[in-house]
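The letters A, B and C name the chains in turn, as written, and every chain counts its residues from 1.
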Amino acid sequence: MMAWYTANAVVVQATMTTLLLALSIQLPLRVGVFSFAGVGCFGIGGYTAAILYTKFDVDTWPAVALGTLLAGGLCYLLGLIIHKLSGLYLGMATIAFSLIVAVAATNGGSLTGGASGIFGALGGITNLHVLLLLALVVAGLAISEYGRFGRMIDTVREDPELAAALGINVGRYRKLTFLASGLIGGLAGAVTTLLRSTITPAEVNFHMVVVALTVIIIGGSSSWLGALIGAIVITWLPTVLSFVADWESIIYGFLVALAAIFLPGGVLGLAKDLIHRWRARRRPTPPAPPASEAEKIPGGEPSSPATERSLASTQGGTS
Amino acid sequence: MSRSQNDSADPRMIFEADDVAVHFGGVKAVDGLTFGLPEGKIIGILGPNGSGKSTLVGAITRHVPLTRGTLKFLGKDYAGDEPHLVPHRGIARTFQTVRLLEERNVLENVLLGTDSLTAGGRAARRLGQERAEQAMARTGCDHLAKVRPDELSYGNRRRVEIARAIAMEPKLLLLDEPTAGMGRAEKEEISTLMLSLRAEGLTQLIVEHDVQMMVDTCDSLLAMNFGKLIVEGEPREVVRNPAVQEAYLGKQAVKHA
Amino acid sequence: MQELLNTLTLGSIYLLFALGMALAWSTIGILNFAHGAIFVFSAFSAHIISEHVALSMPVLILISVLVGAAMSALTQWLAFEQILKRSTNHRSAEMRVLIGGIGVAAIPIAIVDKATASAPFGFANSTYKTEVYESMGLRMTNTSLIVIITGVGIAVALTLWLRASRRGLGLRAIGVDSETASLMGVNRTAMALGTMAIAGGLAGLAGALQVFQLQAMGVATGDQLLIKAFAMIVLGGLGSMAGVIFGAFALAGAETLIFAAKLGTWVDAVSFGLIFLVLLVRPQGIFGRQEVRRT
């Protein structure tokens, strides 16, 4: 066990930092906020921590904390401004936000090191520290997936108007999501930077959005567990199969496209579905309702919702 | 229970709309409605498609911005409320097309009615669970607790939605075409359920196309056309009114009236 | 004056690229995130063929247009159509189309990146020769002239065609309301494929012209252009072709000024900032109809 860990410490570390980044994008998706601001927050957190650590002699943990808080604060402000935008528009605005962070870093002069970034920011962070922080974040997210909180978040995502009609303050959920996503993204950036000792503007780009999406889409966007599955797959696959390392981007592209088409719930969604079906088959038919109500038995009539619920039926035209 | 037409002697109005209008650009979906809902009664809204019924429901729940007018619930003007505050005042609704969380089972869908209206904590959770179970028993979907909505028949999906609204324990329940797509027997069950809720004092506003059901269930009817109120009063009289027949029923006679 | 000329050239390439994207987005509701990758890959295909045979400009452009059209139609057929078929509501469909597009885009980009070892590519072997005209202190190449004429010509033609033809009418009907369109006898599936092919062809055209104009193209160009095109469409207002034309030249003008002021590293911030500004101040864009873009 110990020998395995020593041999794989770097990959374990990469899995954990990738997971943190992915979680900062997954949380908003789960609330139905199509935000990629987590990537920009990764940059803000990473740069802040690196600058404080290398230029102002701030210790590792205060630097991480300040980077995290600054990213969270800025992301919350962003949310205040744009939380009312819908779908794609919000997505593009947050991509623009993330790319502006990169442009600002490129033009930051000696403070941010320009296009070559910051070097030598090797803080005193161990894998155990990362694991503890990750456990903290995951615990918080797990609470938000459980019980009434989880149900309300699902409703805010699936049907905001219904959520409001049930008394849920949709706007507040959306704004707080920006805060939480910014904190997680900032933490991911600060920790990753002080672990690797370097950050460059080129890292905070579209590629990072793709990596985070790959993790979430493969694993499943409904739970932190999905992100964990995804993070493990994409960090370990290249080490196990060497041809994967060569063709990494192409394979990820295929996986993301395939998952978007066939597995919107990811691996986790598939597993949940199978478990539900298996249970449904084991469950005896629902206790027989009184005779007069016989017509209400599920499946007693061809279910019209199924036809209603495919977009293709309204968009399929007269073909 | 007699259906008295004696407005002045009626109990207090739980809800009052005064000169409510909703215009979308040039379209006057709702145009100057003034009416009240007496406490503990079932009031039906009748009108052809596009006459503004669903827009009115949206206005009452504050999903649709008002062009002018005031809305009062329990004597308080709430027209400035954001939509999510309305359920906290005691107004619950169902939707014209059933809206459920497809990934959650029936019990959880009904629990959603209690989630944001009860505080956290163990006692509240138990209370919510009880309310949800009662609501499911009343609407006859208690045996479906663990089933997912996508495995349900259309009528049962409707029941789950009504159960969710009842679990909110509202003072005013808005039902937007609750029996659409149901058979006669199922419609009668919904009708019976509404009458038993009225017996407990729940005020209900129902939008429905089935005239017969409306006449059988409602205490009074409001007939709308082109966003305006054309007639209101005792159901049989409203249905017999020539203006209503003209607008809603065309030349067809109403056999049951 | 020289700035104005540069603006016109740059704007014309932006315009061709953004027109395709706007066409697909405003009519069939597909925001194709692979549009930038198609732009790069079609130009790259022409580059590969020109390595082996010396070809003239029209042939290279034709190759690029055809590759672009084929890729775009294929993406629509294999990915987006499948997603729409399997989606239960509009919002999740929109999200899955975007994510699917990002996934699809990664594939051609990775291929080009690997084949070129991340170095820019061009049409060095083409028979086309650049000529420079100078008059009254203005510098102008024959390439710029071709780019401007093609860009403006196609934009005007497309706008008029959309306005006039029955096909255009059907397309716009889908853009407004897919149900009405199907009542009008418009076959959405075929129409969508055709629209995406035109959009991809425009991306291919823009790609080839960009290589002729700048002599080379880098693999990262596509993603940047995608965000810029989004900024142009949002600025002009979705659904308005005149808006796209305005957006393209406005952005090109702003960027040219930034370059002239020697602030080249800030140039991308213009489009990113513009997206924010427009979405906040006038979400329907300058030429857009009043449209609900907020939840």
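Here, contacts are C-beta pairs under 8 Å (C-beta built on N, C-alpha and C of every residue); 3 or more make two chains touch, one makes a residue touch a chain.
What you see is a predicted model, and the numbers here were worked out from it, not measured in a lab.
Here the chain-to-chain distance from chain A to chain B, counted in touching steps, is 1. Geometrically, the chain at the heart of the complex, using CA-atom means, is A.
For chain C, the chain whose average C-alpha position is most distant is B. If you average the CA atoms of chain A and of chain B, the two centres end up 39 Å from each other. Between the CA-based centres of chain B and chain C the separation comes to 49 Å, rounded to the whole angstrom.
Chain A and chain C have Cα centroids separated by 29 Å.
In chain A, the residues that reach two or more other chains under the touch definition are 158, 170, 309. Residue positions 88 of chain C each touch two or more of the other chains.
The set of chain B residues that touch two or more partner chains comprises 102.
Of all the residues in chain A, the ones that touch chain B in their complex are 147-148, 151-152, 154-155, 158-159, 161-171, 222, 276, 280, 283, 286-287, 289, 292-293, 295-301, 303-306, 308-309.
Note for the complex: chain B touches chain A at residues 61, 63, 82-88, 92-93, 95, 97-99, 101-104, 108, 111-113, 115-117, 120, 125, 128, 140, 143-144, 146-157, 159, 164, 168, 181, 183, 185-186, 189. Those residues of chain A that touch chain C in the complex are listed here as 29, 32, 34, 81-82, 84-89, 91-93, 95-97, 99-100, 103-104, 106-107, 115, 158, 160, 170, 206, 209-210, 213-214, 217, 247-250, 252-262, 264, 309-312, 314-319.
Chain C meets chain A in the complex at residues 31, 79, 82-100, 102-107, 109-111, 113, 178-179, 181-182, 185-191, 223, 227, 230-231, 234, 265-266, 268-269, 271-273, 275-276, 279-280, 283, 293-295.
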